[in-house]
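Following this line, the structures themselves.
In the two complexes below, subunit A is the common chain; its partner is subunit B in one and subunit C in the other.
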Partner chain A sequence: MFDFNLIIKSLPMLLQASVWTVIYSLSSVAIGFCIGTLMCAAGLSASRLGRGVAAFYVSFFRGVPLLVQLLISYYCLPLIGVNVPSSVAAVGTLALCTGAYIAEILRGGFLGIPHGLVEAARMVGLSRAQILTRIEVPLAVRFTLPSLVNETTMMVKASSLISVVGVLELTRLAQNIATSTFQPLEIYLTAGAIYFVINGVITLAGRFAESRFRLETAR
Partner chain B sequence: MSFNPAILTDNWREILDGMVLTILIWVAGTAIGLAIGLAVAVIQLFTNRWLAAPLAFYVAVMRGTPFLIQLFVIYYGGPFFGLDLTPMVAGTAGLALYGGAYFSEIFRAGFLSVPPGQIEAARMMGIGRLDIVRHVQLPQMLVIILPALANMTVLLSKETAVLSVITVNELTSVVQSIGSTTFAFAETLLFLALVYWAFLEIVTAAARRLEKRVGRFMLRTQS
Partner chain C sequence: MTAHPVANSRPIIDVRGVWKRFGAAEVLKGIDLAIRKSEVTCIIGPSGSGKSTLLRCIAFLEEYSEGEIYIEGELLGFALENGKRRRVSDAEVARVRRNVGFVFQQFNLWPHMTALENVAMPLKLARGIAREDAAKRARAMLEKVGLGHRAEAYPSQLSGGQQQRVGIARALAMEPHIMLFDEPTSALDPELVGEVLQVMRDLAAEGMTMAVVTHEMGFAAQVADTVVFIDRGVIAASGSPDEVFRKDENPRLRQFLQNYFERNVFWQGSGDVAVP
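This part shows the complex of A and B:
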């Protein structure tokens, strides 16, 4: 029999764990966004070294499965003397991975910025960093918002993989409950439903943000 | 930190087996996923909404939940429905169902990209609905959606690594277990990353070449 009581009983615990899922995935997107912006700027810069580093970074982190990246950070960081909690290592890895995708997304946005705008900003006397943070990034984000929101939902899903390296979040807790109750179907379906709702909320928030930005440009 | 590559050469047989299995699962999962995706897109676009609505739900669920959870539901939840699948069958099915949802969206966009005038013209000439799909829509849209299909196929090859969690003996699982029995984590895991990286680069380059070849006639007609 499908056990609805078990779902009701374990729902509070699962919801609590899903808070960690949200924290881990959103913070890795936030850090990844900074990394991605820098790498994107480096990739479009005149410096040969910058372009090389950015190309290498994007190619590596998009070319290796996230699970393998997580295993490397989990097992190999202690070998080189870096002893951080597994959650920190996991979020760092998620951030590096999403940073590579965000760099590629932002590239399109950066290339869409009218050249005259940047020139004008330079004429007005803004520094390179100011141009980046005040003009280029806001515009690039606005151009690429749907892709960035999509990448965020991808990261919520990808964060389930950090359960493999022993970080407690929604998937890990679901595994724990499933193995102790021997009723995996109910628990995993519930966990899946929670992920589905989280991503639904993020998608709706993204649509709202998009419509707001569109109003602003129309005005 | 000592670095001993001999651990890899000593176990080359298992590693090779793992690679072969990874590629087999990837190819099978992609092929079945493409079939699912095409079927879902055709049903959604050309039949009634009583068939389309459940499929839309399937696509939304597969795209909105983690692949790992989907695998858990199929592999650990399967016995509830009397589906006692081996890890490999469950993994391949999971990959196909996951990929199928994404492929269906790509195919849908493709079908919508063929001008409706052509379909009307074909219908006027008395060509059947399925023949229109096969001979008018598919050939044209495949060129347009090829980059997206190739992209998704490449993504699926990375997802195969997740199957190691449900104990499929593919590359990640094999190399990881060599690592944990010999404690040679650095050698094994870095090697693993390099293999995937090289594989992904090769597959991506092949996809770009294919796109160029197939897209050649479009460039010609444009110029």
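This part shows the complex of A and C:
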């Protein structure tokens, strides 16, 4: 009844598709981290314009469902003359969405940095950008690492949504196989297991980084 | 106490009529102060008198509200246009104070970097010195403050006194023309104060120009060329240690010193009182 042969036969294809899942989700987290850092810095800056832009950005991308954002970018970008591959539009949308969450996560980390550490950096002549990249971001990441790892696992799962705009990744391929073989149970269970393993690895990597950072504060 | 040749040249720091207000509160009310090359100036006074604020204004960590501060002849933080002052860019502020080193009460070492990286990183980034040379100079600075053997330690693995000495090494590595110390020993356990003061004594003996906000009257008496007593935002007394500690009649100064000595009496025997 339960067809193990089908699983074994389709596993290579599913694993190949899961490579795309990893690429799409990790690259959107990486881009989103840069966006989130800038938005976080803008939100905490003295500039009223910067704070306004950051507040609008965060409230839009947190307030609108990711699926709706993906549909907007898929159907509306061509209307305004932006013709990019749907995978690029999808990663861009994922990045913008996670960037809003990362900005909020980092904000807590930034606020936890003693102001004296920034003053010390100013007194030895570091520029604003150097202080951001060498002092504030590394410390904010250390303070918020568990939340950032959590956000990354959320993005691996959220990347399954981009299947609806025709981008081939794990979920999309699983759908294709399931509809052609009429055996959804085996295929979706396998896909679920692969997601589970990917996020397990990410969580382990996060634990490892945490223990590395703990060395710095060990007495 | 080391004897320094009296330099009559242009002061390294020249503070003229500086006021600082936080909202309605007036913290500095017209401060005039000149610090010359190789001089050690100790700034004393009750807490809340404005002495730390003055030092932070000289470093432009606080924007002063009125008056002028010149660093080696250059106006700090502002440009004068038709008698009006205009705030200059952060990069310009950094340029004018490039030769000012600052040591903080709370050390403010970057916790994610080793002692060596704390000293070497600014050399690489702010001075553009190659990695190897920066590491070499950083190591030499750590040796100088007696911490060559702790170069690979993270700040959390160092005692307060060691952290503060790394803080001094970090400032010294930039080859400053003047070092500002903001209560450098106030956050330390009493038994760790001595090692930091010794490093500062050595610096003074080498001829480093220093301004030190401190509660260490012994250090001020032995090392300072000039002692400045700040009270309620004004310089209420200043002069040589002998003049300020023994001769000046200012009642607020006498009261301040009396309080200090009473706090530091540690032994009361039969009739005689020992003061440190």
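A few notes on this one:
Keep this in mind: the second predicted complex is superposed on the first by the 218 of 219 C-alpha atoms of A that agree within 3 Å, B and C clash if a C-alpha of one lies under 4 Å from a C-alpha of the other, contacts with A are read in each partner's own complex, and residues count from 1 in each chain.
We adopt the following convention: a contact is a pair of C-beta atoms (placed from the backbone, for glycine too) under 8 Å apart; a residue touches a chain by one contact, two chains touch by 3 or more.
Just so it is clear, the model here is predicted, and its values are computed rather than measured.
With both complexes brought onto subunit A, simultaneous placement of subunit B and subunit C is permitted, the two fitting side by side without a clash.
Between subunit B and subunit C, B contacts the larger number of subunit A residues. In the superposed pair of complexes, A:Thr171 makes contact with subunit B only, with no contact to subunit C. After superposition on chain A, the vertex angle at the CA centre of subunit A, spanning the CA centres of subunit B and subunit C, is 110 degrees to the nearest 10. By the document's definition of touching, of the two partners only subunit B reaches A:Leu67; subunit C does not. Of the two partner chains placed around the shared chain by superposition, subunit C is the only one that A:Ser127 touches, whereas subunit B remains out of contact. In the superposition on chain A, A:Ser25 makes contact with neither subunit B nor subunit C. In the superposed pair of complexes, A:Ile135 makes contact with subunit C only, with no contact to subunit B. Of the two partner chains, subunit B is the only one touched by A:Thr153; subunit C is not. By the touch criterion defined above, A:Thr93 lies against neither subunit B nor subunit C after alignment on the C-alpha atoms of chain A. In the superposition on chain A, A:Glu119 makes contact with subunit C only, not with subunit B.
For the pair subunit B and subunit C, the minimum alpha-carbon spacing after aligning on chain A is 28 Å. Residue ranges of subunit C in contact with subunit A, taken from their complex: 59, 61, 90-91, 94, 97-98, 100-102, 104, 106, 108-112, 121-122, 125-127, 154, 156-157, 167, 170-171, 174. Considering their complex, residues 2, 59-60, 62-69, 71-72, 75-76, 79-80, 153, 156-161, 163-164, 171, 174-175, 178, 184-185, 188-189, 191-192, 195-196, 199-200 of subunit A touch subunit B.
Subunit B makes touch with subunit A in their complex at residues 1, 60-61, 64-70, 72-73, 76-77, 80, 158-162, 164-165, 172, 176, 179, 185-186, 189-190, 192-193, 196-197, 200-201.
If you check the complex, the residues on subunit A that touch subunit C are 114, 116-117, 119-128, 130, 134-135, 138-139, 142, 213, 215-219.
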